[in-house]
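Heads up, the next two complexes both have chain A, just with different partners, chain B and then chain C.
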Partner chain A sequence: MTTSEDPVWTTEQLGVRFGRTTALREVDLEIARGQVTVLLGPNGSGKSTLLRCAMGMLRPSAGSSQVFERDPITDADEIRQQVGYVPDRPDAPPWMKFKDLCRFLRGHYRTWDQRLVDELADRFDVPRSTKIGSMSKGQAMKTMLVLANGHRPPLLLLDEPFGGLDPISRDEVCAVVLTTLQSEDHTIVCCTHELELAARLADRVAILDSGRLVEHGTLADVFGSDEPTATPQRLKERLRQKESELTDRKEVSRC
Partner chain B sequence: MTWFRVDPNAERAPSAQIVDALLDGIAAGRFDQDPKLPSVRSLAVAVLVNPNTVSKAYLELERLGVTRSRSGSGVFVIDEGREIARTMRRSTTRSIFDEAALAALRSGHDLESLTERLKELSRETEKPSPQAAIEDSWDQPMAAMKKKGGQR
Partner chain C sequence: MLILHLQKEWREHRLMLFAFTIALVVCSMLTLWIAPKNEMPRDLGAWFAVAGVTLAFVGLISDLVPGEARRGQLDLLRRTPGAMRTSFVAKWALLLFGLIACAGVGFALGEITWSLGAGTPALSDGLVVLTWAALAMLGCTPLAFACSCWFGRGSGAIPATALVFGLVAGVPAVTISIYRLPIEAETVLGAIGWCSIIGLLAAWRSFNGLRFGSRWMSAKRGLATSLFAIVPIWGITGMKAWDLFVFDPTSSDARIFGACLGADGEKLYITVSRAWHRDLEPPMTTLVLDLESGSWEQTGGLASAYLPAATLTGSSYFGDNLTPMDYVLRHDGVRGDRREAQSWHLIDGRDGTEIQRFEGSSATPQAVREFLGFDQLRDIARRRNGMPLLDGSRLSVMQDHLVFVAADGGTQTERWPEGDQPFLRCGAGFRWLEGSRIPDRAVYDPNRRRNVHLDDSIADVVFVRGRDWVVRQYDAGGSDAQTAQLRSRLATRLARWNPDRNEFAPLLLGNRLSLAMITADQRVIALTEDDRTIVLYDPDTDSATAIPFEQEIRISRISPANYAWVHSPGGHLIASFLEPNGASGFLRFDGESVQATASDRRDVRLQAVISNDEILVLVEQRRLERWRFGSEQREVVFETGG
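Coming up: the complex of A and B.
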């Protein structure tokens, strides 16, 4: 896979506030084309908020965010044609079935590829006539993932795709994600808590803590070696190290 | 195609694990009939790692002189590949053996019993391979079941 110079998604000094709470502050991020970036960070560190900014679902209170050199707020329709988004919980109405959703989504996307959707659904045993609300978590996640790829989006955003899944479903979802990496310049940004899956998937890791981007780079950058083995153990150590650095800094600024 | 798995918890890098597994497979003659390695993307999905990790492993195999990539048609084990893979596995296993043998000697095993054990192991490997034994044991209950079904 190649990394071309033009980033798919950039943010500059991005900030998001919900009333008095600051969800994101001064985030400068560049997501390179054709890479899998894994967003790591504890609950409430701003991972989902960051993804929502890319989709134009949230208005930044400071700074800017650009996807394919467009503003996600003013160009929301155009961005949706080029981005696939899978939220942490299925956002489709629970009474809809896979085939209903196909029929519904087909009308909204210029580049909808029903053959690809059918192929993926067959390959990963997506139930076609079960209501989303009656599916298991794993089935629902696979369904949403397959549908999010229906319009062949060059950028795929995944919010906790492995959350609450048993090990077998997790492997299956991981296989779907990897299968969607079919073309050279397909870009994925994925938040997860699962360090083992992060180690399997990531080209790059970005670490968020209390709304700040504390680390972003290739596995080699983050782990500082030529032969980076991003074992879950090392990821954990790195996260802990970053956290303690941050608390040190906070204490210094308080003095 | 998935006779091996990649363990991200292991200290050895995932790409190195793939190289080891493929060298083992090549040395064991898995690619004698069809020398084409699986595509990067299909292997990535099969062992659940980023395709770039597989690409890295494939580059390493090519650097070791075991495979060659033909543009557009894929990666192939070259004719001498099996011999090279065997030689490499031989040197790795030799160093593992040396280490284990030294540890055994140091812990007080006497030379005679170790030599005897090695001879025993060598006789065992001359017998049908463990894989074949497993397949046999699979066949027996299957045959028994078929018989039972027939009687009914």
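Coming up: the complex of A and C.
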């Protein structure tokens, strides 16, 4: 039986390779229940790959991953019933409207809550009769976020939900995430480049670089302060510092 | 849930299906406009259906899965619980619907085009085309679906399908075609069904492999599953091919084509086939049987056969395939429509050793003849196979000359009495053909070395087939056939003779004269059926005498057609007979007696004359048996079929 302190997602020595390219290597991670963990790192550092491993959309080449103490490969369907996933770009057919997508997803989830979906859609002004292909990126991302909450998942995985959004849209999407946090005992893992938003959302921060998990802890652990306003600056500094450490390490290893 | 996926697939592909319908309509209009009305094929509907189904196949296979990936929508299915399974079913449903609908629309348009252009629709004419198209789709579509999962672009799916399907079915098909393997229709249907089932499994594993996002993983899974389709199909083909190369006489479909007897009577050279197909000439191979020990060994590879002695001697006048052979010729590796052998083997008929091998398709029996020496071969053939005459010499015919080979080996050549006049052999004589200047009542008698003019009552006897001894009699108009009863000298009009039909069986009925021939001692023999007697007619004295059968055999028909010119080493003439119950046997004649062998209701064919008293008979292409004249005795020397 899981308690509130139990991790909802753990990885041990997790590695993923795409041919000769190593996307993840030896990642040990523990995501605690009810917390917001922000995955930070440059492009190609393995953030999206890590989330896809949790969804069973990628098969690890090394190590293991457990979500709700289940294997995402063998128990993929069961895990997906408990995980909401928002891709970095809308993956629904562009001809679908919000209501089409609702109807499509409703059939696949045992715990689908249409009332909640309608309520969130109304609150965040999700366009119901616009095709997804015709929506702005912000509208589409809000749609995906609302629908990802439709089955009341205890774990929400967000893959770059703020990427490419204008400030207004970004705030709106952020508002959805925050609302989700308020209304449910959600665990959220979010990949983002938006350091300020990350600082606003994160309980914990994990930093990935070149497929390695280089830091993982609370904001205070990682940046020495949990002051939200100061965090982005410290976050940038910390990232730069990590980057130079890694560069030095690579040069040493080359020598 | 399935309905949602069906709606999704329909929504994404309905335009494509409508476009195909429009394309078919345009094709129909173009056909009406361009094609001459009187040259429209009667199965136009079927061909339009094939066009429709091909369009749907190519279009849907190229887009159902690759299109989903190309549009970036595959992740929605991958991350949604149960969506891959349901989507797979929905995609298949749409694919089947599309194939059937496009075939139906194409067929209807084709029939309408035919109706407008040429006449009334003719569904039955297109059933063969439709059946083949349906079978091709059944075998191909699942594998094509699997292949389509391995590529990001739909254009790769069709070539990959061709490659995989070629691997699964192409290699066996080529093997079957080259070696003419006996593959039954049921086996083909089974293979198509197996391909469908495995293809469907491969399709699912390929599609499900995409849930990890890797087309390589999808391809690995699909290809691994497709191997299950390859294994039994290749296995069955391989076993059939093995059966052809390695002859197994216990196999139920092993058959004997024919046998040649070696000169000393110790070796039997048998041509067999392992596999039989009702529509195809089966590939053959060869065995040598030692008649003393009963042991045999396979001597030829695939497509080898022993050839009749006439092939070696070069002329049917000099040879008889049923007499023991000094030389046996075998060809190997006959291929293609030109039936050219890859090698020829000259075998010593006595001990079976190979004297010489002639390589290459350019080698021919002519080369073998040149190697042996044509004169030597000709002398052997004349001595062994010439017509036995009363004085112990043998007669051979060579173009417009008669060659008499005396018992001491001396040769005498005489010109035909009338040069190159056409003739037919009839027993121990030669019947002049219509159109020659010889009177048609004359038969050339080689013993007397002159033409014998027949009595008026049998003056119109003709020997109607090259190897027949059947007698026919004309009336004054020359168009009706009659038979004559020699003892009573009564001619009976029997039936109208139609030379074009080349048919004599209806004339051989009842107790009327059914067969006549000139014996070696220049008498005419008439065989009757009801009292089992032979009537000997002497044209010199115009007298007829009867001799009794020595065996109690009731004969309803005597048919020497296939065995004319056959004689035992002692000069007896040999013919076949047919009993009223349908059993066939063989008769041995000389001037004084007739002796019969056992008889069999099955297909029996004379293969060789072993001695004066014994012949070798092939029964139902299964058994080679030794039959004795004047006895019911029969001995199996080689048997196939278990």
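The rule we apply is simple: the second predicted complex is superposed on the first by the 239 of 255 C-alpha atoms of A that agree within 3 Å, B and C clash if a C-alpha of one lies under 4 Å from a C-alpha of the other, contacts with A are read in each partner's own complex, and residues count from 1 in each chain.
The criterion applied here is as follows: a contact is a pair of C-beta atoms (placed from the backbone, for glycine too) under 8 Å apart; a residue touches a chain by one contact, two chains touch by 3 or more.
This structure is a prediction, so every number in the text was calculated from the model and none was measured.
Engineer: For A:Asp203, is the partner it touches chain B (first), chain C (second), both, or none of the two (neither)?
Structural biologist: The answer is first: A:Asp203 touches chain B but not chain C.
Engineer: Looking at A:Ala32 after the superposition, I want to know if it touches chain B, chain C, both of them or none. Which is it: first, second, both, neither?
Structural biologist: neither
Engineer: Is A:Ile132 touching the first partner chain B, the second partner chain C, both, or neither of them?
Structural biologist: neither
Engineer: Taking the superposition as given, does A:Val173 touch the first partner, chain B, the second, chain C, both, or neither?
Structural biologist: Neither: A:Val173 stays clear of chain B and chain C.
Engineer: Going by the contact rule set out at the top, does A:Cys102 touch chain B (first), chain C (second), both, or neither?
Structural biologist: neither
Engineer: Counting only touches as set out at the top, which of chain B and chain C does A:Pro87 meet: first, second, both, neither?
Structural biologist: second
Engineer: Which residues, counting only chain C, touch chain A once they are in their complex?
Structural biologist: Of all residues in chain C, those touching chain A are 1, 4, 8, 11-12, 71-76, 78-83, 86, 211-214, 217.
Engineer: Considering only the defined contacts, which chain A positions touch chain B in the complex?
Structural biologist: My answer: residues 1, 36, 171, 174-175, 178-179, 181-182, 196, 199-203, 227-233.
Engineer: Which residues of chain B touch chain A in the complex?
Structural biologist: Touching chain A: residues 6, 8-14, 16, 41, 44-45, 48-52, 55 of chain B.
Engineer: Could you please specify the touching residues of chain A with respect to chain C in the complex?
Structural biologist: These residues of chain A touch chain C: 18, 52, 55-59, 76-78, 80-81, 85, 87, 89, 91-95, 103-105, 107-109.
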